[in-house]
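As written, the chains take the letters A, B and C, and residue 1 is the first residue of each chain.
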Amino acid sequence: MMSGNANDISRRGRIGLLIGLALLLIAPFIGLYPVFMMKALCYAIFACAFNLLLGYTGLLSFGHAAYLGAAAYATGWLVRSGGLTPELGVLAGTVIAALCGLAVGLIAIRRQGIYFAMVTLDMAQMIYFVFLQAPFTGGEDGLQGVPRGKLFGLIPLADDRLLYYVVLAVFVAVFLFIIRIVHSPYGQVLKAIRENEPRAVSLGYDVDRYKLLAFVLSTGIAGLAGSMKTLVLGFATLSDAHWSLSGEVVLMTLLGGMGTFAGPVIGAFTIIGLQNFLADQVGSWINVIIGVIFVVCVVAFRRGFVGELLAWQQRRNKG
Amino acid sequence: MEIFGIPIQAFLGQLLLGLVNGSFYAMLSLGLAVIFGLLGIVNFAHGALYMIGAYVAFVALDSFGINYWFVLVLAPIVVGALGVVIERTLLKHLYKIDPIYGLLLTFGLALIAEGMFREKFGVSGQQYPVPELLQGATNLGFMVLPNYRAWVVVASLTVCLGTWFLIERTRLGAYLRAGTENPALVQAFGINVPVMVMLTYGAGAGLAALAGVLAAPVIQITPLMGSNLIIVVFAVVVIGGMGSILGSIITGVALGLIEGLTKVFYPEASSIVVFVIMAIVLMIRPAGLFGKEA
Amino acid sequence: MKLSKISSACALAVASLLGTSAQAQISGDVIRIGFITDMSGLYADIDGPAGAEAIKMAIADMGGAINGKKIEVLVADHQNKADVAAAKAREWFDTQGVDMLIGGTSSGTNLAMAKIALEKKKAFISVGAATSALTNEQCSPYTVHWAYDTVALAKGTGNAVVKSGGKSWYFLTADYAFGAQLQNDTSTIVKAAGGTIVGSVKHPLSASDFSSFLLQAQSSKAQILGLANAGGDTINSIKAANEFGITKTMKLAGLLMFINDIHSLGLKATQGMYLTDSWYWNRDADARGWSRKFFEKVKRMPSSIQAGDYSAALNYLNAVKATGSDDADKVLAQMKKTKINDIFAKGGYIREDGRMVHDMYLMQVKTPAESTEPWDYYKVAETFKGDSAWTSKAESKCALWK
């Protein structure tokens, strides 16, 4: 699996990331619709979480939406019917998603490689059906009317622009956290597992433990994305746990660049943007377009945007 | 008359419906196992090929007046040819790299197929009439059994056992199995392995399409009918293990029956019982019930 | 070289700009109606794109403009997903200057849209949805429920079937807001009329195979199989019931049926069935005249929902004309004091709880022999005048109507 330079972000990389951050900071003032931006940021968090597992650990979790959905429903219910303040609701959602991840991880770890992917898909489908039946989720109608409430009980979040900066802050925190994990000794072991698992085992690492922890971290952060999304949009529905979303997050990561930091973010914005922009014009063709992008990426564009850019840069440096 | 407090007609009726579903699970997991065995690709598009088979039957009847019996042969050929094209143009690039790419590519293909059919036919289903010869029902006393469903069980199990025989007991099957273990050696013996691979994928696709035609009069033909089914079939192959053909068949039928039983006693759990069993099997015997690999 | 990293940041910006439209001025210069319904799924025939055509007919009948301001309609497909409907409604109100929302089929989506309209203080007229909750537990000063609801359906078909001898019932219910509400309201009526509910089973929306649910129904030995579903689901339940011989031992009661369903199934399979509806194209000369115009555009006779779309849009636009404003509060106030007299309803009016009160009809499907022309499927068995068809004040839980 190709990766970008996971060990160090060059000075140029840092400048690029700062420019991206600056753009995000001024977004509401240059006419971008805050609700769209918040939705894209939530899915960017989701894609970053997924990338931690696929790009940096080498594990394909093909049912990752289940954790986003679990947190979305948990937060939605706790804030709407349980009276929790938003930050506690989000925290609870994240924890619940991580617990789901722990349960699924313990089972899925029993198989490697492509079987792991199949098992995660099926466990996620099981979770989806549980949500479909459970009364508190509202089934097909979804869990609606989730209030935004007051952050810490003090700051009302009803205003779109204010909430946007809260979401942006969370996004930046998650982004930095993931960089931290990847550069830590733990992250180095994950990289070793991705590149040559038998060797890591022979070096004495309890590989299953490392993989499980990565899985729990990834599902927890995916849950964080789901919780935030519920606050922003005010509802949690079955779409949040559906296998098509699981497929989309793979595409976001693949398209943007697996194993890079900015890749998943760019992939998320691109896919969400495409869906928003094209959905009205093209109807069902959007699925075809997503499918075509998938096929093209797998056959000819495996490194994704950022991956290709980095590879091109490296070639230029050498030549 | 009652069994465990359930009237016998309800009990046996659900069991019979479960057998019908089980035959479809068996047919599809068989195709998946054969393709994975030889190509190393987990074919997510298998569900889409099944769906296309059903639509071929529908369009053949609706627009060209081709009846069910012809299309039972026609659809597998058409979809098989499509499979061959897919293998030659796309799949062959993926054999040397990580198997997840095969899964992702076929996932993308499934999305494309679903999107296109959705655009053409909409999401709500199309109806396909039961062929005249098989219409009507037989009153078995404990339930009224539509004749068509009996036919489906017989036909699909025959095809499954025929495929098993072909792979396990004939020369062609021997080449196939050898090609799975050691393609280079088999190639050295003069067997054209790439052609064999291509035809295998085509045959797998044809098998899926056949299942689709068999299913057409029974369920709503919708663009999404394949993907929801294939996710369950994945569980079937994980439970059964992809090493054994007979294992796939037995597991598929057994799971269909268990699903039917669940609908009798605890209907709410019927959509997840297969996944629960998968989880249990993984904890006890990770390689699967009939699996050879660890 | 900074170019590579700058370009990745630019890709981010471009993607964002692509995906969103800049904040539009909330225009006072164009009157915009938003229409969100199921365009391609199991309810596409009874409302869907033809419903959008009906709204366009209303706009054309108004002359395309009011006091020089153009009238526009925006159309979207919610695919029966509440989140898609709510997100689209929110986006339209925030960025596209939509003044009023018409809700198409599916109760779950309409409940979600009603909430958004309440939050944004814009008018929302629900035409296609059935759930009586829109004017009951979840009533709002901005919601108007135009055509029909589950209470009216229950009072109509429920009573008729019990009176004709169907005392024991088993329900086959679509598993979402609409199905549950319809089953609830019908059970209340059946029990009040002296009938019994033997049991029920829920099926997923747009189910592909009804056989196992029907087996459960059959083993219940009830006289009546109440179909608390609609559109494609009803059609498939009836087909499967015939296939399994259920119709030999149980009678089918289609609790929500539209003329498109009858057309799909044919008179042979449906003759004699009772159904309750808000309108019929062959009801009177006015309805016939409009329906023929509709037929020319769409090649099908209109369902009651499509006629409702036309009527809702027309009455809204008339109110806009009368008040000279597109402010939701003013227009709604005007609508609530104006009687509705058009091809859809005669002497209709909007109640405090948002219910548009008008006559409902109990109809019976003709036999093939009785039908004199294509789409001539119904005979009117009973007319429920005005208030008697709907939830009464005593039964209502709406806080706005005390």
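One rule holds for everything that comes next: a residue touches a chain if its C-beta (ideal position, glycine included) is under 8 Å from a C-beta of that chain, and two chains touch if they have at least 3 such contacts.
Only a predicted model underlies this, so the values are computations on that prediction, with no experimental measurement involved.
Chain centres were defined as the mean of their Cα atoms; on that basis the chain farthest from chain B turns out to be C. Just to note, of B-C and A-C, the chains joined by more C-beta pairs in contact are A-C.
Computed centre separation for the pair chain A/chain B is 32 angstrom, with centres defined by C-alpha atoms. Between chain B and chain C the centroid-to-centroid distance comes to 38 Å (mean Cα coordinates, whole Å). Annotation: 37 Å between the Cα-based centres of chain A and chain C. Chain C has residues 40 in contact with two or more other chains. Counting only residues that touch two or more partner chains, chain A has 132, 283-284. Counting partner chains per residue, chain B shows two or more touched chains at residues 118. In the complex of the two chains, the chain A residues touching chain C come out as 12-13, 15-17, 19-20, 23, 27, 31-33, 35-37, 40, 132, 138-142, 144-145, 160, 233-235, 237, 239-240, 262, 265-266, 269-270, 272-277, 280, 283-284, 305-306, 309-310, 312-313, 316.
Partner chain A is touched in their complex by these residues of chain C: 1-2, 4-9, 11-13, 15-23, 39-40, 76-77, 80-84, 86-87, 90-91, 94-95, 107-108, 111-112, 115, 175-177, 204-205. Taken in their complex, chain A has these residues touching chain B: 1, 60, 62, 107-108, 110-111, 113-115, 117-119, 121-123, 125-126, 129-130, 132-133, 243, 247, 250, 254, 283-295, 297-299, 302.
Residues 6-7, 9-10, 13-14, 17, 118, 122-125, 127, 130, 137, 143-144, 146, 218-220, 222, 225, 260, 263, 267, 270 of chain B are the ones touching chain C in the complex. Residues 42, 90, 93-94, 98-105, 107-116, 118-119, 227, 231-232, 234-235, 237-238, 268, 271-272, 275-276, 278-279, 282-283, 286 of chain B touch chain A in their complex.
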